[in-house]
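Both complexes shown next keep chain A, but they swap its partner, so chain B is in the first and chain C is in the second.
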Partner chain A sequence: MKSARHGAIMAAPAAAVLAGVALVPVLAAVWLSLHRSIVVFHEHRFVGFGNFHFLLEDGRFWSALRTTAYFTIVAVAVELLIGLPVALLLHRGRGLLRAAVLLPWAIPTAVSARMWAWLFNADYGLLHRLAPRVDWLGSPWTALHAAILVDVWKTTPFVALILLAGLQSIPEDVFEAANVDGAGRARTFALVTLPLLKPAILVALLFRMLDAFRVFDAIYVLTEGGPANATETLSIYAYKTLMRSGDFGYGSTLSVATFACVLVIGVAFVRFLGKPAR
Partner chain B sequence: MKRAIGVAALLLFFLAPLAWQLLTSFWPDAELTRPLPSTLTLANYAGLGGTFARAVLNSLIVAAGTTAVCLAVGASAAFAIAKLEFRGRSLLLGAALAISMFPPIATVSPLYLALRAVGLRDTLAGLVLPYASFALPLTLWLLTSFFRELPDELYRAALIDGCTPWQAFVHVYLPLSWPALATCAILVFIFSWNELLYALSFLSTPSKRTIPVAIALFAGEHVEPWGQIAAASVVATLPLAVLTFLFQRRIVAGLTAGAVKG
Partner chain C sequence: MALVLKHQPLWGDPAPFHAFLDRFRRENPDVALRTETLPNASDVAREMFLTALEGGADDFDVFAIDVVWAPEFARAGWLADLSQAFPPAKLREEFLPSTIEAVTLDGRVYAVPWFLDVGLLYYRSDLVPRAPKTYDELRDLGRAAMERDPRLVGFLWQGRQYEGLNCNVFESIWGHGGELLENGRIALDTDAGRAGVQWLRNSITMGLSPRSVTSSGEEETRRAFQDGRAVFLRNWPYVWAEVQQPGSAVRGKVGFAPLPSISGAPGAGTLGGWQLAVNAHSSTAKRRAAERLVAFLTSREAAVELALHYSRIPARRAVYEDARVKDAAPFIAALLPIALAARPRPVTPYYELASDSIQGELSAAIVGLRPPSDALSRAQRIVDHLESSR
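Now for the complex of A and B:
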């Protein structure tokens, strides 16, 4: 078994890095979440599940959880609804069109959020000029939906490309057969294309849901969670608790809660909808 | 006709905001109150100065460093997973997939304390390993699926010729894998270039900021300098736009690799 020893040695550095920067830190975060730990006061003592008791009573946590869930569901639903027609357009389109659509995905989220903040600007923003009555980032309901719009703009290209790959894996003669059998375009789409596209749709759904649930960049840049915490998601609340208040105990509790939610989504997906291939 | 309308709507939605930002970057500051500028200027770019140039350099260093580390440890591991029998190889791949789905906020607090303990907090080098937590899983998946597609016969032939498994990797497989390495490098570079949360949490010195942090915290003395922010955005976007147009095919292939096999 010479190959086994070589294999283990060649894989060891990568395994060590993954353990060191991801697995151990997650366990350490769980450990921290059982402490009262305020960095500036050098205060650090074990409090057991005290932080988790507080979490269950913390209205701001439940509000952040609701905001995150709403953001995730609405954003991902819209992205799939727009992503499908975009994929169909790209399917027969040129490479240049694909590159143009890829651009929003490629630029930093912080940059795209700043760009949209200027479009939303309440004094001179382009969208404000087109619809002067709407205070995009100033009122709670519009601010949350403005953040969703930024996310849709930024990640629909990713969804469309996954669906496009799915489309391209369907053999042409399936469509020809449907045509010969006299199925119209609408019926071909509903009865042939859509069912064959299901695996790609599920993959896009899983990746986007997990990604949207940890949303941070766009909201931090657009509103920092405001107005009146209306756009505060779990990542934003945890970040503020950790980095602004320096409360590493309760901040870690919020991080662990976010992690647990992501875990539940991931496991539920694999359980109910079958294993994603990647 | 219907298709033309669809393509036009699509381009309008995805490109018009970028075009407006480009126009804003040439818009004289004093004229921002007007619906359109009467003249165009380069003043916003000139006003960015050394601080933002520094951020571009910082981002380059971190993204290049992350790419180098991930390829260095990821390529040999991916080869081992694809071609060698050893215990725990499917566990490693599964763990990588699970880790790629971790929300980064879950690891911010322990990584902050660990970096502080070893003196790497507020350094660019201190960002490279945390970035590996999202970049290395991607590297492992992309390269493993690539090595799996190369024939096993090459490996057996190399062994017969007296190569060790390591030599077979370096001398036979690695020279064949530059397209996959390039795809991987482009994606890791883009993801690292764009990262905000870790950089925002671990860096405190303004001169060490990466581009996303600099853009997120960009502030003027009295009013938001929208023209300068737009100019900074254009500078931050330009390298990515070039990468996207040059390597569109590779990026799409890498992003969707394995996504549709069922």
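Now for the complex of A and C:
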């Protein structure tokens, strides 16, 4: 009993800091989302769930949610599909190769997004030269996939790195055992490597999905959410409403909605991860 | 008394501007004038003002605001009422009408025009015999030139989803005889509105404009035009100096004109540019000195300096007649009719709030995702919601 109280006292400072930097701002945003608050007009009044009511009917919100979900699923899936073979290669590779692969991850997102914007440029862009009939950033479908491409280029190394760490934690003797039992490469991979890699894969998925769902910088630099809001994610919509329009109430509502989505993803993964392995 | 002026960089050599400010310092020895530079991107500067002024910041006294912010900032109570020092009637006499319209809210003046910007049409004088007056003429002249040289594109404009798209569309709506304000409220879902958006969309579908305009801003289109790849370009006055530079492929082959219209009368360009306002949070003691600085910086002399050294387009009528400007900057002097016809974007405190939603819907119409009538009625719904709920 005494040690439990001791523990609580020891943990209190950390808990207070966490509450101060994480919980309070979230609660403040929730509180703000229940208001009509527009700086320029000095309007600030309580409207209850009025903003959330409008949110449900706001076509732009649903389209942003769809865009965000699509972006997240496709980008993370592709990153995983490319990241896994890259990790397998790196597992045998040397330090220099590993460092080279990490390069895109090391470049600040705003810088790499600007670089890609030039590659996609409809007049001078290299990609435009290769496929002159495609206007990458000019039409809704290609613009969204261009954004996904940039994200994949940038964060695949990160996924590969996590998977590499997972690979290195698998003891060599299980592979030897599989070899002795006469399993081929494909069977070894499917029945030994993949199951043992599952925790690392889930961690990579969790990190990447939370990150991708809040994507802002790459898309903002690339298209500012255009054309026709086709690349507008929840974060960009919230930012524009908050900072451009100065509508703090509805902007907070959008942020709270984004937070709720991220929370659901996070909790689902943690429950999944927390399950004891069979 | 310390006075702080906050403004965007003027580009070019800062020396002439500072020399000019020194003249103010000599004439007003009681004032210790300091300048601070704003971020160059207009929306970043706006965010900065939004947070600073909402927080009651009084560490700057005179500041430059974009033409579309004046009604909003005035309504917020952030701008000092300047009507006493600058009577509206006198301003209307001395400045171009649209620039005064843009800084007036309910008959009171909240800022004084510093310099302006206006949309206009550039054309290749070696490829077409004259500037087009109507949209049909623009199409026909463009097509004829494209037939002679298939590498050319006809008409470049700015269709990326950003504020510039609004400017281009508004010009087209005005050109089709439309108005954007009805009884003080933003009106987009009108016959002229639909016709205006449809024309820009058509320019792409008929092959007159390349599809890349839907992702282009000012600089992308300026570069393509300057490389000699286009017949017509809608852009701002800064392009003139660029295309006349020694390395330019179209040097000496460019003319400029008002934008076309459906009737053939000179079309109106969107008014841009910067105004000088006085911070409402500045102390009353500083107010007089701040007004003196505004008067000094918006004087005829100042406008001549800005025109000669920084190619800034004057907001004062008399400057266009000034011998020095006519002599050293004939392009600016010749801009007078276009500047006179410039029109502000809807002068309402709600414009900035609505602009972002409008951009999204206009972009949807331009890329062909929705027919213009759908896009405009959706934009109208959002605008109505914003305006009615408060």
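General observations
One rule holds for everything that comes next: the second predicted complex is superposed on the first by the 254 of 278 C-alpha atoms of A that agree within 3 Å, B and C clash if a C-alpha of one lies under 4 Å from a C-alpha of the other, contacts with A are read in each partner's own complex, and residues count from 1 in each chain.
Just so we're on the same page, contacts are C-beta pairs under 8 Å (C-beta built on N, C-alpha and C of every residue); 3 or more make two chains touch, one makes a residue touch a chain.
Owing to the predicted nature of the structure, the values given are computational and were not obtained by experimental measurement.
In the superposed model, A:Val21 lies in contact with chain B only, and not with chain C.
Looking at the shared chain after the overlay, A:Arg185 reaches neither chain B nor chain C. Contacts of A:His44 after superposition: neither chain B nor chain C is touched. For chain A, the partner touching the most residues, choosing from chain B and chain C, is B. By the touch criterion defined above, A:Met243 lies against chain B and chain C together after alignment on the C-alpha atoms of chain A.
Within the superposed three-chain model, A:Arg66 lies out of touch with both chain B and chain C [touch as defined at top].
When both complexes are overlaid on chain A, the residue A:Pro85 reaches chain B alone and has no touch with chain C. In the superposition on chain A, A:Asn121 makes contact with both chain B and chain C.
In the superposition on chain A, A:Gly251 makes contact with chain B only, not with chain C. Once the two complexes are overlaid on the shared chain, A:His53 sits clear of chain B and of chain C alike. Residues 121, 123-124, 243 of chain A lie in contact with chain B in one complex and with chain C in the other. Here chain A touches chain C in the complex through residues 36, 38-43, 59-60, 121-124, 135-140, 143, 223-230, 232, 240-241, 243-247, going by the rule given at the top.
Contact residues on chain A toward chain B in their complex (touch as defined above): 1-8, 10-15, 17-18, 20-26, 28-29, 32, 85-86, 89, 92-93, 95, 97-104, 106-116, 118-119, 121, 123-124, 126, 129, 153, 157-158, 161-162, 164-166, 169, 199-200, 203-204, 210, 213-214, 216-217, 220-221, 234-235, 238-239, 242-243, 248, 251-252, 254-256, 258-259, 262, 266, 277-278.
Across the interface of their complex, chain A is touched by residues 43, 46-47, 50, 54, 72-73, 75-77, 159-162, 210-216, 220, 223-224, 349, 352-353, 355-357, 359-361, 363-364, 366-367, 369-370, 378, 389-390 of chain C. By the touch criterion stated above, chain B contacts chain A in their complex at residues 3, 6-7, 10-11, 13-15, 17-18, 20-21, 24, 32-33, 35, 69, 72-74, 76-77, 79-81, 84-89, 92, 95-99, 101-114, 129-130, 132-133, 136-137, 140-141, 145, 164-166, 169, 190, 193-194, 196-197, 200-201, 211-213, 215-216, 218, 224, 226, 229-230, 233, 236-237, 240-241, 243-245, 248-249, 251-252, 255-262.
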